[in-house]
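In the part that follows, the structures are each spelled out as structure tokens.
Okay, so chain A shows up in both of these, paired with chain B first and chain C after.
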Partner chain A sequence: MSVEAREARQPWILLAPAISAVTLLLLVPLIFIVVYSFWLRTATGADQVGFYLDNWQEALTDRFYRDILFSTLRIAAITTIVCALMGYPAAYFIARSRGNKVILLLLLMLPFWISYIIRTMSWINILGVSGALNTLLMSVGIIGEPLNMLYNETTVILGLVHFLLPFMVLNVFVSLDGIDTNLEDAANSLGATKWQSFIQVTLPLSLPGLAAGGLLCFVLGAGTYITPLVLGGPRDAMFANLVFEAIITQLNWPLGSALSLMLLVVLGALVMIYNRYLGMAQLMKGLG
Partner chain B sequence: MTRKIDDTTRYERLRERYMNGDLDRRSFLGLFGAAGAAYGLVTPYRAFAQSVSQVRFDGWGGVVSEALRANAFDPFTAKTGIEVVDGTFGGGDEYISRVKASQPGEYNIAHLSGVFDYARYHGLGLTTKLNEERIPNLQYVIPKLVDVFRDITDGSLSCVPYDYGTTGLAYNRKYISDEEMQEKGAKILIDEAHKGKIGGWSDWRTRMWYASLQTGQDPNGVTDEEACWDAVRAHRDLALKYWGSGAELMSLLAEEEIHVTEGWSGRIYALQEQGHDIGYMDPPNGFGWQECMFVIKGSPLEACEELLNFMLDPATSIAVAEGQSYPPALDPQKVDLGEKIPTLPAFDPTGTLSGLTFADPDYWNGHEAAWSKTFGRVQKGY
Partner chain C sequence: MRWGWQLIRLWSLLVYGFMFLPVAVVVLLSFNASQFGSFPMTGFSFRWFVELWNNDAIMRAFRTSIVLGLLTAVISTTLGVLASLALVRYKVPGANAISTLLIAPILVPEVVLAVALLLFLNFLGLHKSFTLLLFGHVIFTLPFVILVVQARLVSIRRDVEEAAMSLGASPVQTFFQVTLPLMLPAVLAGALFAFTISFDDITGTLFWKPGGVETVPTQIFAMLRNSISPEINALGTVMIVMTVGLPLIGAAIARQLARKSGT
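Here is the complex of A and B:
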């Protein structure tokens, strides 16, 4: 074999494990889900093999699914905005701090060492009727009766922000860390105030990181089902909860497959739009 | 004499031949791939061939699993050498989905609730036929509990009844008196006076059962379905939270997040034993259920039968019942159940269980597809 031919094959050999994993663990199950979405659930809960459009017709025309999808996108959007507002200053502080950057980044990663479910459930002990916050407010005499703070949309958003904030901070940090601080100094030497140099120099240059963090927060937030299950009230379900219910509670795998593909297409479209205008390179930097 | 070699040795020899140049790369990778494919294809059927060293059991977790582990599984392993690996589930619907996705033999014994679940497994072709001669302790079980299962599987059994209980009304006595409970009964769950302090299980059967009681209908024969859904909606609008597990039920009541809910008799008894002033009441036509130890098709039958017989041994069964706070399926007319069990909620000293109303499996499974779907919508505000 010639050297050229060997060099041409080398990338494929190196990529083979990753491609195999993606094919076996993502593409093949996805094909199964696509096939399942055209089957039907029988009265006993068994699947009826065939090519039926009933699930797709129901998923696309029923107002119930559309409403929950919009509600899910709204909750994900609010979460993303809150994460951006809270995450940007934190990322800026870390990027501009001298010496203790590594420790701050380590602290940022610390919550990932604890299970996401445990972190979500911890809010019950903080916001519950006999939780830490109510106990504190009552002990200092601010309130006489405990407040009902749990099991509503606000606590769902709170739980999502808690989960997603590090993703935002990391992406913005990567972006800010790559900006040459001499640019800010140059702006200041040309008469710009600190605020002006931030608004006109730093912020525009860090927008790709903000967008990458926003995309990650939005996609992960829109696909979650644990947070509304643990911290939501009876009406606070998100779209992934419908998939869970169809597959687990109703044993209707075909409908659940159609619903999960619907969510995948919506979120996939957002990723495509992001890729079209900003490219995936920034996202990869943030994830790396 | 021939020597058996293991797979690692085989791989090392193959690799050595390849490294020495005795085997070209294509052949090496081909043989390696074929070995992997063969392993993958054979794995699902290993359960049929392997000697039984362990049995998998899945149950409700919490105090129930602890009682089974301490009083049944550990002593069984000590006696037979067969290890019992136990997993948990939050509800029967979740578990049936996992079993449906599994390979034969992956799941063995499940602590199922209700005859309707047994009928669903039968409908999906997941029942097997137990050899009752290998389960002599079945003679001590209340006959009524056994017969309902036989009716579904044409006289044979794929399970043994194990315990029973009720889903009654649990209330915090600090906020709700016994008199108020007696007066309002099931309707307390749709009482505006307790808005924001009401809970409920996120199980469509329980919701519809209690809606039947709230609208004055027979839970096993609703005639005005829409009235029931209106009651479910009324409950939803007043409820703080639908709970999804026994642990969550206990936490919500103990932390006083909710003051009233329907609850599982054993879990409420456990709360009372912990010192919480929680009352428990079975309203007329309250939800009675029986649980069984169900053997799933494809399981190692002899080991499962041996375990079931061990679990039904009166000494084991009574110890488990005392631990999980649900009365055992043992007939009090045949077995002395000791002092604690007669004090457990839902206990029937006659062994006839005539005071409990059970779900009619045909009726409930007939409505399962439609009602579970409708409840999913009603739950979310529709």
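Here is the complex of A and C:
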């Protein structure tokens, strides 16, 4: 074999293990559940191989599934907006602070490294019947009986915001930090007020970061089933909970396949739209 | 406009408080002497940490999580480093498509990835097992390793390797004596990332784990079904120390190594 041919083969040898892993453990399984979603789970528990539209008909026409899909998207949207409102000013503060930016950013990223389940359950310590807030309010005498603040949609959103806020802050920070501050100074020297130069210069330039953070918050928020299980009531199930129920509890795997594909299509469409207009590079900046 | 900046500062302070308060309460309650995992504080005690140590189920979950995390880190880092080397060091036709393929596992919602992998491997006859769990953890940590390693790899200059080769080192010698030491911080960062993500995962793990096997997060989740016991808070404190401490130590080591190798 010639030297050139060996040289050309080398990267493929290096790439082969990773590419085969992703192909065998992600791509082929995804194609498999597309096929699987047309099979039928019979009353005996065996799968009937074939081309049945029953699962899809159930997933697409049952009002129960549609309602939960919409409420999942609503919860994810509210979470994303709250993350943006809380995270943008914080990211702006870090990016424009005269102190040690790295330390400030690391500090806010610290909870990101703390276990998701611990952070989620920590809200029970705060809002539970004998939690910090009730204890505080009772000892001050504002309330006589502990309030039931937990296990509703608001606490689910609260838990999600706590989980996803670092993603938002990091992405907005990355794009704010990349803006040349001379641009703002130029706007100011040309007579713009600070507020005007923020609205007309800084904010538009930081929109890609805001969009990247928003996409991550939305997609990760809409795909969760743990937060509703821990912080939600029995009626606060999200779409991923339906998938979990179908697969783990009811063992109706073909239906579970159809439901997970529905979630994939809805969230995948968002990623595609994002990729079409902004490209994946911005999303990767925050991770690298 | 000074008050505008003050307002942003106050707001940021509140955001920091929001992020840290619940975590601080977990740590505080884990030292509570009371037998309920809640307020009021009745005294300072280490008893819940002792109970934790003596709780077989939790210790077993810890061992499972650590073994799983280490294996995941080793496999995922090996695959990720090799792929990153190819993508950064060679002109590969279709490099963009390959990059997208390799980071696809984080673009697919984890629930969907979990379902697809579970059902496909089950179809092939591999039922819920530790192996399935390991496959799952490898596949969704791989993109993170690739992103982290690639970002660091770009900064290593090619001429150092070329110098070694021109001085008579073979490609293999060059890799082990020049490239690998330079890459070490990137490799460690990737491995640490993979370990932490694996150690923390619950979304996929609940789908893949066989009955009777628990990792630390699924164990906590199972214990939450009853009510918050003080042990969970103690376990939370241990997890916080581990997940915050490990990356900090890792970062310190990486910086030390980077300083030594002069990059």
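Everything that follows uses one rule, which is that the second predicted complex is superposed on the first by the 267 of 288 C-alpha atoms of A that agree within 3 Å, B and C clash if a C-alpha of one lies under 4 Å from a C-alpha of the other, contacts with A are read in each partner's own complex, and residues count from 1 in each chain.
By our rule, contacts are C-beta pairs under 8 Å (C-beta built on N, C-alpha and C of every residue); 3 or more make two chains touch, one makes a residue touch a chain.
Just so it is clear, the structure is predicted and the values come from calculations on it, not from any experiment.
Asks: For A:V201, using the defined touch cut-off, is the partner it touches chain B, chain C, both, or neither? Pick first, second, both or neither.
Replies: After superposition on chain A, A:V201 lies in contact with neither partner.
Asks: May I ask you to decide whether A:I248 touches chain B, chain C, both, or neither, giving the answer as first, second, both or neither?
Replies: Both partners, chain B and chain C.
Asks: Between chain B (first) and chain C (second), which, if any, makes contact with A:W123: first, second, both or neither?
Replies: In the superposed model, A:W123 contacts chain C only, not chain B.
Asks: According to the stated criteria, A:Y151 is in contact with first (chain B), second (chain C), both, or neither; which is it?
Replies: After superposition on chain A, A:Y151 lies in contact with chain B alone.
Asks: When the two structures are laid over each other on chain A, which of chain B and chain C touches more residues of chain A?
Replies: Comparing touch counts on chain A for chain B and chain C gives C.
Asks: Which partner chains sit in contact with A:R41 here, chain B, chain C, both or neither? Use first/second/both/neither.
Replies: In the superposition, A:R41 contacts chain B only.
Asks: A:I19 in the overlay: touching chain B, chain C, both, or neither? Say first, second, both or neither.
Replies: Second partner only, chain C.
Asks: State whether A:F32 touches chain B only (first), chain C only (second), both chains, or neither.
Replies: A:F32 sits against chain C, while chain B stays out of touch.
Asks: Of all the chain A residues, which ones make contact with chain B and with chain C?
Replies: Dual-contact residues (chain A): 124, 128, 130-131, 229, 247-248, 253.
Asks: Under the stated contact criterion, what part of chain B meets chain A in this complex?
Replies: 91, 93-94, 96-97, 100, 120, 123-125, 196, 204, 236, 239-242, 244, 251, 255-257, 368-369, 372-373, 376-377, 379-382
Asks: Please output the residues of chain A touching chain C within their complex, sorted ascending.
Replies: Within the complex, chain A contacts chain C at residues 10-12, 14-15, 17-19, 21-23, 25-30, 32-33, 36, 86-87, 89-90, 92-94, 107-108, 110-111, 113-119, 121-126, 128, 130-132, 135, 162, 165-166, 169, 193-195, 219, 222-226, 229-230, 240, 243-244, 247-248, 253, 256-257, 260-261, 263-264, 267-268, 271, 280, 284, 287-288.
Asks: If we count contacts the way the header does, which residues on chain C are in touch with chain A in the complex?
Replies: For chain C paired with chain A, touching residues are 1, 4, 8-9, 11-12, 15-16, 18-23, 25-26, 29, 36-40, 78-80, 82-83, 85-87, 89-90, 92, 98, 100-105, 107-113, 115-121, 123, 135-136, 138-139, 142, 144, 146-148, 150-151, 196, 199-200, 202-203, 206-207, 216-217, 220-221, 224, 228, 232-233, 236, 239-240, 243-244, 247.
Asks: Quick one: which bits of chain A touch chain B in the complex? Just the residue numbers, please.
Replies: Within the complex, chain A touches chain B at residues 41, 43-46, 64, 68, 124, 128-131, 148, 150-151, 229, 233-235, 237, 242, 245-253.
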